[in-house]
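In what follows, structures are represented as structure tokens.
First subunit A sits with subunit B, and in the next complex the same chain sits with subunit C.
So, the complex of A and B:
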């Protein structure tokens, strides 16, 4: 069984755009279908069947209960391609890659597509809980008095629609507020955060200029390039922004060093290594291993977004590797301070140090944007290409944090 | 749409337009369709190849009617007119390959006169003659050029979407070398090719005609995201090709649609990149295997940056030349330099796009005309370079083609461009595509170093 390898063949994504921008009218399904169609075109898969397509979204309408399958049906793939939705907050895209890779390794699939999508513009808006309960009671009511009684329970205030918010249900804190606690706890300075953000923008801009994304991105709705990217931003410009998360004196998290709400979709083409070679496909990198972990941020003292730091030692030990053994590190930039706190905690725990020159070398979420479920597939495609360019034996490490105190880490190898 | 165009599109506008001579142009027969009426063969002394080639493409030719004095009939006013065909002929093939003397040209006249007003709509006249290089003596060479004059003139006199074209045969050309050209000219595929002359010689490698000539063959089309490029992709795919559709990354979504529609693959690539040729080859190798080779590459990508020369700066100048000509040359240089995985096959087809602007010049298009005339010069020179390899290189020169690009021309100007040709209309992207597909056909190995105009016999530069 160990002789079967799952490899990354290639990837595709839409350019990422700030929520409420050019993709405002596109649904999550539209975006996912576009990402799939670009991948299908890139690899000449039109009309062909793939063994499974796996994806998901974090912000999801009830109508999208079968989002990935519906996207497949709307795409140029053969309708005989089955699909599955899964969701692990911001780990969704990477978890989808792990799912498909495992199936490939087990011989349950030869060729699969993994990815994710999120549209913060197309987020579902729901009714208030009292209104929802009243409406359900109304539908159960049989007699007129029962119906009237159900209706009578509705208060005017219940009629306001409830927009979605990125809030942890158990702490009531938004993602940014939670991270502000971590930022303070780990003593991450404003300057460090802004510097990381600047590096992200500069690296992403360079990658675009070098044509790195020519075979990783397909334009969508007249957007040809990531629209959040500010190629000419500076420390001064970032330094002028006012803090948006955290309170008082030490507040250091701004719109410049936090990810924006983003619309976009990303997918990765995976195949069994021999199958990929048989088809003449590029073998960019092997999916070597992955490890998920969770943190007790509700009752315990754990940080909401530092679970990857718990997953990493397990992954490294299982693979007989140390933190220094990698050519590239892809640490998802939910917030600049998340990456910095993760690195700090790894150092403190004695896991090791990450060479910053090898970190997010083609830019990451701060500059690219972060459509929650799409980020994992974006990172896998980018890292696989970097490794293929670096050459055989090169190794890359992915770390993604997620809502609910979860973290997923993975190793790719060319 | 400007106000004139809006008025023009109304029933009243159409009525007035017809009164002033702007009648609706004839609808052209297109696609892999032969004429419906009989295909007549007019064989002049010494001609044999016409009959043999028609047999090869499965046509049993009908008998011609000759305009000789004793055969003439009287019309209702009592005038002597040529004898009539029993049914409207669909086409006439005039085999004049044996004609060497001026007096023999009368044979062409007397074959053509009866068909000039009796061809069916979108009928065809195809004249076969020996190339000046294949005949001896001053008179025979003069005669060859005289036939060219006949062809150009009858193209202008024909009505109803009918066309006339002339094929000069080089020394040693056989029926199998000529079959692809004759089949193309008789079928609807050549709808917008009119009044043209080109040369056919012995094929470097012989192949039979087929309705799916590109089955199991890879064809690369640059600029494939829209317009003429997308039509080229569709036409090659219809004829069996596995299409690799190339366009700039910024057109990737339109490109993906085309590639998925055709069951091909998309390559987002700026063809002006220094390594564009290598990237095309590596895409082909990584989709179809290391042993896969390109059968044909269609250099369709092109841009216009129109300015009067008085307003033309070095940037606008250079970008047009770089995309339209230099990129094509760099890509070919790489693909021809060695047997690369995913590179050009041993017996490949290279085709480019010239333009009537390159042939005749066009106000405001110095840069474009330079690039497109350059494409022609390049084709002629590359053909010589490749003389000992079974690769052919050709180009088409489109005239006014209905595309998004030409739709942006102001209405009156556009209507003038559109109508100043023998077919009184603009061509469709598919007309360019069909001609390219004919040039790239495996059976077209005898067509090499030719520039075929697809312009409805545009009056400009003809």
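So, the complex of A and C:
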């Protein structure tokens, strides 16, 4: 292998806000452009060409087929910067980082930007299948009788729009309902979930108070700080919330220990290590390696969101590391019980134990919110900064689960 | 300078003012003019409406960002322009006015979160070959800092004014092929009226446009101006001076081309019809020297 290293130079994101809130009028492209422009301003990239910008969104309009490229053209980057859209559900942002890092390591790029965006406020509303087919037939029709025949196929019921939903197509279960099955199977208690959520809010609040995000977040549309964060929440307050996923007595998943639908965008600047030094950029951390895995969840043999537990042993073995060899663990909090079940399954499989004091030390998705495709870049920027502060040789592990029973894990090293 | 300064705490209702300005055509017809009222309108502590900005950006093709377009700042001054023109002692009726050209200077990026102080006044009344011309001037401050200046040059046709007509300098359209095609739907005038507050009937519907002598509704010149700036996407400088001349109205619905070429530290641009004849010619110069 070559000696080229892909390093994280820095990151930028918008503050994250609840869907339907302060960013309700902003499109995914607006948000992505804002995240890019903040990064451009931070690293003096105005008018400069970067070798590739890679990003994506999970909730995506057909008009956004070239979302990332269109965002580049709207940004202060040189229009000569190529871009690529990539999508792997909630792994999108991290997968984009892996894509750019691999290109950098292979010598196909020197400087790249990776990230993602999601606007649950601006989600596409889909028309029913019969209406869609009739409209397509109408657009192909040449004569009046043909046009009338196409229109005649439409029934009143076809006109109801189909709202967006985070539903697994093959199981018909929402992500929360799927996770409720996992929560029950792994015996994750309400108190454990609420405690993890409380820790997430407290850690994020402290990180904000410490100014940790001052060079990672750029205000957007009069929002300067993550708006889902509840710095003053307590176990009692979380304990009062009614379960929203799962059935009956044991139902334990609430709005307090599940992520909220969120709007936001995040990007990271990556470069070849020598190139970063030549430009006088900070070198926060190397992107060492990554591993993706998938779970057989459709017929219930695997859990929908525990695929990272399958990817991890492969990644650790390839890098001659054990689960205890990390200074920081960034486990995406899709739901509190996802993290807890992942940890439990790693213990049960003999992979090892995660030191909870090193887990999500600057808060994670429960407190920050989770604009699906943006979360990976948020985590990479946060972890890279934590590692740079910790010092050379420090190591961090990222784990992100995604729809479709997929999981992506990655190692960063300062 | 002995000006009458009228300070407002909220923007006046433009639809009422427009009506008054337009009906003024009955009272303020023809005649000889010699001076403009010594009056300026001041709007204090204006917060910007985010939802309206988002709608404005969408209609004009801008990305919704914290730094607002200078044409948006112009839109914020529009109610004051309308108030000034609707005054009984303002010598011209709105119906007889033609927006000939526009200049604005963005001295520094202005954020949507900033609270603005707006001032508008009319000045520079001059004889014109077809009547009289004057400038509607605007200034926007944030605190003590001048952040935006605008000047809208209007022609009042059919009025008489003593003196030698002044010739205006003509901007030159780039001699290149259009790189963009814009499709303007029939309701584009209503869409822009909704976000700009300029509901002049010539922009709204075929019937109302015909009342004022247009075969079809025409799009607002300031939409065309805004759309032209939006056409530069992320390449707009952080501070600049932009001038446009309105050559020929764009009838709705319609298709027009956009041409541009780099000129020194800025751009020359034009919005042209199928034959390449300009509807609007403009020039943008980076930097922020005074307008």
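Basically, the second predicted complex is superposed on the first by the 406 of 414 C-alpha atoms of A that agree within 3 Å, B and C clash if a C-alpha of one lies under 4 Å from a C-alpha of the other, contacts with A are read in each partner's own complex, and residues count from 1 in each chain.
Going forward, contacts are C-beta pairs under 8 Å (C-beta built on N, C-alpha and C of every residue); 3 or more make two chains touch, one makes a residue touch a chain.
Just so we're clear, the structure is a prediction, and the values are computed from it rather than from any experiment.
When the two complexes are overlaid on their common chain A, residue A:219 makes contact with subunit B and with subunit C alike. Touch criterion met: A:34 reaches subunit B and subunit C at once.
Of the two partner chains placed around the shared chain by superposition, subunit B is the only one that A:281 touches, whereas subunit C remains out of contact. By the touch criterion stated above, A:211 is placed in contact with subunit B alone, subunit C being left untouched. Residue contacts after overlaying the shared chain place A:156 against neither subunit B nor subunit C. Applying the stated contact rule after C-alpha superposition, one finds that A:76 touches each of subunit B and subunit C.
In the superposition on chain A, A:42 makes contact with subunit B only, while subunit C stays out of contact range. When subunit A is checked against subunit B and against subunit C, the one touching more of its residues turns out to be B. Legend: residue contacts after superposition of the two complexes on their common chain; A:172 is shown touching neither subunit B nor subunit C. Note: residues 34, 37, 76, 219-221 of subunit A belong to the subunit B contact set and to the subunit C contact set alike, using the contact criterion stated above. Of all residues in subunit C, only 50-51, 54-55, 57, 63-66, 112-113, 233-235 touch subunit A in the complex they form. If you check the complex, the residues on subunit B that touch subunit A are 242, 245, 249-253, 255-257, 259-270, 273, 285-290, 292.
Within the complex, the subunit A residues that touch subunit B are 34, 37-38, 40-44, 46-47, 76, 211, 213-215, 217-221, 224, 279-282.
If you check the complex, the residues on subunit A that touch subunit C are 22, 25-27, 29-30, 33-34, 37, 72-77, 79, 219-222.
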